[in-house]
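These are the structures, in structure tokens.
Below, chain A partners chain B and then partners chain C, in two separate complexes.
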Partner chain A sequence: MMNEIIVPSSPCPVIIGAGPAGINAAITLAEQGIESIIVDENPAPGGAIFRQPTKKISLGFSPVIDNKSRQRATRLLENLERYKDKITVYNRAQVLGGLSEGDSIIVLHNNRVTELHYSALFICTGCYERSHPFPGWTLPGVMGVGGMQLQVKSNLVRPGHRVVITGTGPLLLLAAKQFHDAGMEVVGVYEAGQKMDLYREIPALLADIPLLFDGIKYLSYLKKQGIPVHYGWGIVGVRGVSEVSEITVAPYDKDWQPLLNKQEVINADSLAVNYGFTSRTQLTQQLGCAHSYYHDRGGFKPDVDKWHRTSCEKIYAAGDVAGIYGSYVAEVEGKISAYGHLVDLGQINDKEANLLCASLRNNLKRLIKFQHGFSKLSSPKEGLLSLPDKNTVICRCENVTLDKIDNAIATGIGDVTKLKMATRAGMGDCQGKSCGDFCRNYLAKQTQRSQQQIGKLNARFPLAPVTFAAFAAGEK
Partner chain B sequence: MLNKNEFQTQKKSINTITLRENDMLYEGEIGNRKIVIMINDEAVYAYQGESVLSTLLSHKIRGFSQNDHGKVQGPYCGMGVCYCCMVKINGINKQRACQHSIEDDMRIDTRSNHFTTLIPAFEKE
Partner chain C sequence: MEKNNSDIIIAGGGVIGMAIAYYLSKESDRSITVIDQKKPGNASWASAGGLWPIGESVGLGCGVIFFKTLSKQRRENPNEIIETARPHQLPDCFLNYSLISNAMFPSLWDELKEHSGIDFKFEKTGLKFLMYDDDDVAYAKQIQDGIPHLKDQLLWQDQQQLHEDEPYVSRDAIGSLSFKPDHQVNPYLLVQALRDGAQRNGVKMVENAEIIDITMQKNRVTGVKTKQQKYNCSLLINAAGAWAAQLADMIGIDLPVAPIKGQVIVSERLPPIMKSCISTSDCYIAQKDNGEVLIGSTTEIKGFDTNGTYPELRSLVSGAIKALPMLGSVGIKRTWVGLRPGSPDELPIFGEVAGVEGYMNACGHFRTGIVSSPITGRIVTDLVMGKQPPIDITPFLYERFLDPSFKASFSLETEVA
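Coming up: the complex of A and B.
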């Protein structure tokens, strides 16, 4: 691994994020002889989906990972390795922001800040789990489903012993299987979507039989292991002294409002929760790309054309950042964005590019149809906004409780930026990645204003906390 | 915090086998070097290269972070987004446990935050 970022003599394409989209973009460019740089903040390439194990074990992969994922990860990383003379990967490198007029980004790597000029910028930053605050969600023991998964699949450590899984979407079933395989006791899966809604989406889900089959496989595995899956149920709150000890769940109505008279209390030490994802758009926002609001597809996302160009010159966005459709779509979109860049360079013309991408696009259509089935089922409903009580912390970094937000709304605040100024919600270390979605949706509901009027929390430079020393080190 | 000599002494004095209760595999199945690091000046086992978060979780340490307002938190997103798992690593505050890997002679201090130690009045608004 390289300790210092070596700035190339002339700018080359720079790709942000070493997940399925970013790696495929780099490989497609490399196939055409174009060198590129990948900047990724994780210890190793692969992204959250193909996170490599941090432990050397004879299997090579964590025992909880199925063969299919193993093969996909191996293929992707082997391809990356094959082009290592064309693709430079910087891991543990965080992008602090960019200067779209100067065609450069500022990268923090090894406590040193470096300015990296690009000839094209591919933003493949993916997504993260959307937070929905509820009483007790800041207690140690409550984690995102994906976060817990990384512990068992990459680090081979159990994040807890007795776990309850709540949320929505196919990830819950996979996680339940993996947690069980890891030796954790899975009390149950509480899926907010109704079973009837799932049946209604079967035509869409039939668009991808192998993926549908995966889901059925997980379900029958859970049944065999005696792990119940409850549809139309969800989280109410969590209690405990210093850590989680009691988890309350209840049936949800069609708006996902919990029916409190039917609530049940479960003794468990861990809660894995995932009510959907949000595109990681801080960089596309900071660079000034145009965004639109899509409720069921993770809130705001950058506008892209069919070659994944954003509204900013030389900037492309591919993968979950440009709409949450999962890793299969991300792989295809990464390739398409690279072909788009080849068109812009004049290396191939539009017609050739269309020909090269024809089968990719056919594939994409099928995958997206499948994902739309789930998005209808799993798009978060308004009832979730009623979960927190007035003492529930909404902004974890700045300890802003719901009553402070209510007080601010009572003074007439009608957009999320003013709310941040008044309450400090979204001003802390994570820059609103945890509370931003709730604040926006809650404000929209309470004030009856549109998402456009509410706006989004503007991402500002630096996108991650950085010391003055790191800037000073970069000057030398 | 321990100075370097104290660190070495403390490191040698580790006799009690601290079980890593939450490891999914047995010791023999893991090829990483098993090393001793310091968590809050106490010697514990860790595997070189695993994430700091995993070391903490393997020793059943979960409420290890403290935000700028003195509130104790645990890991939440587990993938570098939420900044809820920040600890002091080798004397530097606000390092995300989930994004750092274990290295030799690493010193980790939990519930450390320069805001709340330097400005105790900050919290008591």
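Coming up: the complex of A and C.
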């Protein structure tokens, strides 16, 4: 690992994010002889999907990354290793954002700030779990499904003994298997979507038989282990003194409004919850790329053309940041964006690029069709917005409760930036990563306005915390 | 297009527009509509919230930082003529105007707390100018000598007194000059409280609506058009901040208001580390009610550009560490850019414009929109009601720019590197 960022004598392509999209972009460039730099905030490359254990201690259970994922990870990282003379990876390096008029980003690495100029910028920052507030959601023991997976597979920590899984999408099934493998008791999986919605999409799911087969495999595994999967059920709230002790679930109607007269209370010490993901667009926003809103695919995402060029010159976006379709799609998009850059450099022409990408694009079509199979099942519905009560904390950073947001809306506030100014929701360190989606959707619902009218919270420099001293130390 | 009639339309829902709406709606029964469009760089949302009537009048705050930039430029380019070579002390009419406005805050604070329940966090802090060397001492003496009539409002402190007052201030500071009446507020809450008060008085808010045209009958303004609707009125008040010139241009008025870029940094929340606001020749520093420490600000002429820049932010950060070394280990939480509505003599522009009926200016507030919002509300209310404003507004009329002897202290055209 490099201790200090070495600024190349002339700018090269810089790739933000060492997940499937970023690594594939770098490898595709390297295959054409182009050197690049990858900047990633994690201790090792692979992204959230291929996160490896960060410590070598045994807790009596094996890391639960499945065989197929392990093979994919190994292949990806071996490929990266093969091109190590062309690809420089900086781990534990955070992008603070873009400043100045020039084509550069500011990177924090080993408590030093470096301005890194780029010839092209590939933003492959992926996505994060969307928070949906409900009573008790800030209690210790409540985690995102993905967050709990990372605890298990990366930190080798078992976050609880009795876990309830609520949310939507195929991730819940995989997580149930992983948690069970790690020795946790999985009380049940509560999928918000209706089973019928899944059945209706079987034609779409047939687009990728191996992936469909994976799903069936997880389902039959859970059945064999006696872990029930309840369709059309979801979270109502959580109670506990200093940590989770009671989890209330209920059947959801078609708008995901819980039917409280049928609610059930489960005794458990942990809750994994995931009602979808949000594209990690702070950097594309901060750099001024144009964005549009997609309800089913992670909210606002940067507009990209078929070569994954954003509206900003020299800036590409690939993978979940440009629409959430998962790691298989991210791999392909990473490659396509690199070919797009080769076209822009004039190294290949459009025709050659189309030929090189023909099979990639076919693959992409199939994968996206498969992902759309879950659209009806998993598209977040308005009922979730009714879960928090007036005392539920919505913005954790600034401790803003729902009644403060309601009061502000009552004064006629109609966009999310003014809501932030009035309540401080979204003004904290996380810049609204946690509460921004809820605030936007809630404001849209209460004021009957469109997402474009509500707007989004502007991401500001720095996108990650940096001390005054580290920032000033970059002084020349 | 749907028709909307009101007597008065205020263009701009920042602190100036909302102060006018609040004061006017308290005294007048005419119908008032405020039309606002959120834009990147809206100054009221970017402001530090300093109420520094003396400090700003004598060229502290952003003034001294700008002065230093110009001095440096002068040193580096000795052949270039840069007119503003000394800190420009603003005329007495401005000092008087901002002191009267500043004195309105305690009662406005009580009034709005009661009226709307919103506390805009008026804090009596004072403002300290820190001195590191003999140049700074000479600069402070010059300030002191310039305002002999306010001598009892100033406090000169030596190093020991300063450190008893402000233990976190660097030992490199050899003393300070304090301005007792210079305080601070939370600017967002001030706008919100004024807005809430105005709405309770019946003012109608139209948000996310950009005025794209002004309708006229002969030389009389009859209303405005937004992309969505048409609004009729008999009086249009231009409180459009940095965008005031664009609005005036729709009816052929050449208003010399231009955006003046200022970059700002805010820290993570801290326990109280300073009692007063601080101004040095590098930056100003204010700890806000929620514990965040706010550092400003550059003065740049870059059009409507709201991008942060590395060298400028770094220089503010270094200046802040120089004044308060403990900030070194503190996290920078956010940076942003505001666009001040600058005028060539740094004075606001009030009142009607000869030859145009049904139009009134309330713009060009430059660095001091927050502190001068109450008096602006008062002045405009009096003008609309046909009463005598509390101060003589002759120096603030648009007509001054038409006078051949008008002298700008600040060129809106020059690019400041």
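One rule holds in what follows: the second predicted complex is superposed on the first by the 463 of 476 C-alpha atoms of A that agree within 3 Å, B and C clash if a C-alpha of one lies under 4 Å from a C-alpha of the other, contacts with A are read in each partner's own complex, and residues count from 1 in each chain.
In this text, a contact is a pair of C-beta atoms (placed from the backbone, for glycine too) under 8 Å apart; a residue touches a chain by one contact, two chains touch by 3 or more.
No experiment lies behind these values; they were computed from the predicted model shown.
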First, second, both or neither for A:411, with chain B first and chain C second: second
Touching partner for A:86 - first (chain B), second (chain C), both, neither: neither
First, second, both or neither for A:429, with chain B first and chain C second: both
Touching partner for A:465 - first (chain B), second (chain C), both, neither: both
Partner chain in contact with A:453 - chain B first, chain C second, else both or neither: second
Interface residues of chain A shared between complexes with chain B and chain C: 429, 465
Touch list for chain C against partner chain A, complex: 38, 40, 45, 188, 191-192, 195-196, 199, 205, 207-208, 267-268, 290, 307-311, 313-314, 317-318, 320-321, 327-336
Footprint of chain C on chain A - complex, ascending: 97, 99-101, 104, 106, 115, 288, 411-415, 417-418, 421-422, 424, 429, 431, 453, 455, 458, 460-462, 465-469, 471-472, 474-475
Parts of chain B lying in touch with chain A, wherever the complex brings them together: 22-25, 29-32, 47, 49-51, 53-54, 57-58, 62-64, 67-69, 71-84, 86, 94, 98-99, 101
Touching residues on chain A, where the partner in the complex is chain B: 41-43, 48, 54-58, 62-63, 92, 128-129, 131, 138-144, 146-148, 150-152, 154-159, 182-183, 242-243, 280, 393, 396-399, 428-430, 433-434, 465
